[in-house]
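I am attaching a structure below and will ask some questions about it afterwards.
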Amino acid sequence: MPEKQDDHQHAGHSHGHSHGHPEGHRHPFQPDLEDSDYSYHQVMTEAVVELLLEKAVFTAGELRQTVESIDARSPALGARVVARAWVDPAFKERLLKDVITAAAELGIDAGGIPIRAVENTAGVHNVLVCTLCSCYPRMLIGLPPDWYKARAYRSRVVREPRAVLEEFGTKIPDDVEVRVHDSTADLRYIVLPARPADTEGLDEEALAALVTRDCMIGTAVPRAN
Amino acid sequence: MRRHHDMGGLAAGAVEQNQHDYAPWEKRVDAVLRLLWAPGRQIMTVDEMRRGIEELGPGAYDEMTYYERWIASATNNLIEKGVFSVDELGRKMAEVEARWDAERARGAQPHDDRTGKDTA
Amino acid sequence: MTSRFQIGARVRVRRAFPPGHVRTPFFVRGKVGEVTGVAGKFPNPEELAYGRDGLPVLELFRVTFRQQDLWPGYEGGAGDTTVVDIYEHWLEDVQTQDQAAEAGEGQHA
């Protein structure tokens, strides 16, 4: 849950710390912030925001709401959808047809860009990439990690996916097809991982806890604890 | 000619499994772009932003971070579309920098998470 | 109205290398794959990128390539694939291309 200032009216304000960390613990912010210094592009950002507000291109409220909606998306939302698919076969079929409509059943607004779920099976392991930029199902699972957007992953995962997966500690047997999806157009993807063995006694919430972000990118597989 | 962003299949080193918590200014860039390309508004498309990033040139990938490339592209697009002029932007950037210098001199907190205006 | 390509069709990605905003990655240009999905119609991103409306809409196809066909000496599962979403104007029917080549040879005979 993102921490929010109670009655702050500063436009665009969003709390810089992610939840779960004690106040004062510094995350790896960009160096310019740790030095209390600011960069050319931070100045540009601020200037552009102020100009756009002055010209009423959007309002301060809309900007704040949009930042909040970014903060509200996280892998936990995708994990809930996956867990429901694991326990409810009919839901899974609906999910495979249309992720956005299925997510809405759980009260999740997954946005307007179509998202396709690609299912891991005994014969196929799926992994996602956007070699050309950084397309990612942000409206369902939040912002992508740096490595997903960086050169090494984007270059290599289409060329040598198994080697890349092994760097993540994931080994796929040779007789299972590794299928890489390059999201080059207006479709986004999410991997529907397979339910791990030895999870029969777990309820939906416990199952969702097994589904990490990397499981939905395809660089990891969920494991029963 | 293969352009720098079209990197699928090229050789590269190990995947550095790093990630950072997004700074407020970075989320603000993301939010601004989403507002600009929202269906009801459509000041620019995501395609124009991507094209703008591609046209920053190969150096941009080495010299600029992800959201720096986003705001650089968005700004170029907004200038081209006449949403604001180069002069307006230049004056506003100078104003912001002067304001932040003054705040820093007063020992104020990092200022990246305020737009400095109560407009609500 | 039927799709330009059917699921199961063998298609080749055109070997063209224009500048500009192209969403067909370099690594599939000139390669042959199989249509495994028909993904709807969208305005052309190559045109949207320049502020134009991108109409008429183009059909988007999911094309599956065998890794063995994409990468010489691919070291991985024999069944490994990469699936890329490609717009119709980048794809040509493999059979048509081969027939055209044969027709060309016939004329020179």
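Each chain gets a letter, A, B and C, in the order it is written, and its residues are counted from 1.
Everything below uses one rule, namely that contacts are C-beta pairs under 8 Å (C-beta built on N, C-alpha and C of every residue); 3 or more make two chains touch, one makes a residue touch a chain.
As the structure is a prediction and not an experimental result, all values here were calculated from the model.
Think of each touching pair as a link: the shortest run of links from chain B to chain C has 1 of them. The count of contacting C-beta pairs peaks for the chain pair A-B.
Separation between the centroids of chain B and chain C, computed from CA atoms only, is 33 Å. Note: centroid distance chain A to chain B, computed from Cα atoms, is 20 Å. One finds 29 Å separating the Cα centroids of chain A and chain C. In chain A, 131-132, 158-159, 182 are the positions where the chain touches two or more neighbouring chains simultaneously. Residue positions of chain B touching 2 or more other chains: 6, 8-9, 50. The set of chain C residues that touch two or more partner chains comprises 25, 27, 45, 70-71. Residues of chain A touching chain C in their complex: 114, 131-132, 158-162, 172, 174-187. Touching chain A in their complex are the following residues of chain C: 23-25, 27, 39-40, 42, 45, 60, 64, 70-71, 75-87. The part of chain B that touches chain C in the complex is made up of residues 1-3, 6, 8-9, 44-45, 47-48, 50-51, 54, 81. Partner chain B is touched in their complex by these residues of chain A: 9-18, 27-30, 33, 36, 38-39, 41-53, 55, 57-64, 66-67, 70-71, 112, 129, 131-134, 143, 145-147, 149-156, 158-159, 164, 167-168, 182.
Every residue of chain B that touches chain A in the complex is listed here, in rising order: 5-25, 27-32, 34-36, 39, 41, 43, 50, 53, 61, 64-68, 71-72, 74-75, 78, 83-84, 88-89, 92-93, 95-97, 100, 104, 110-120.
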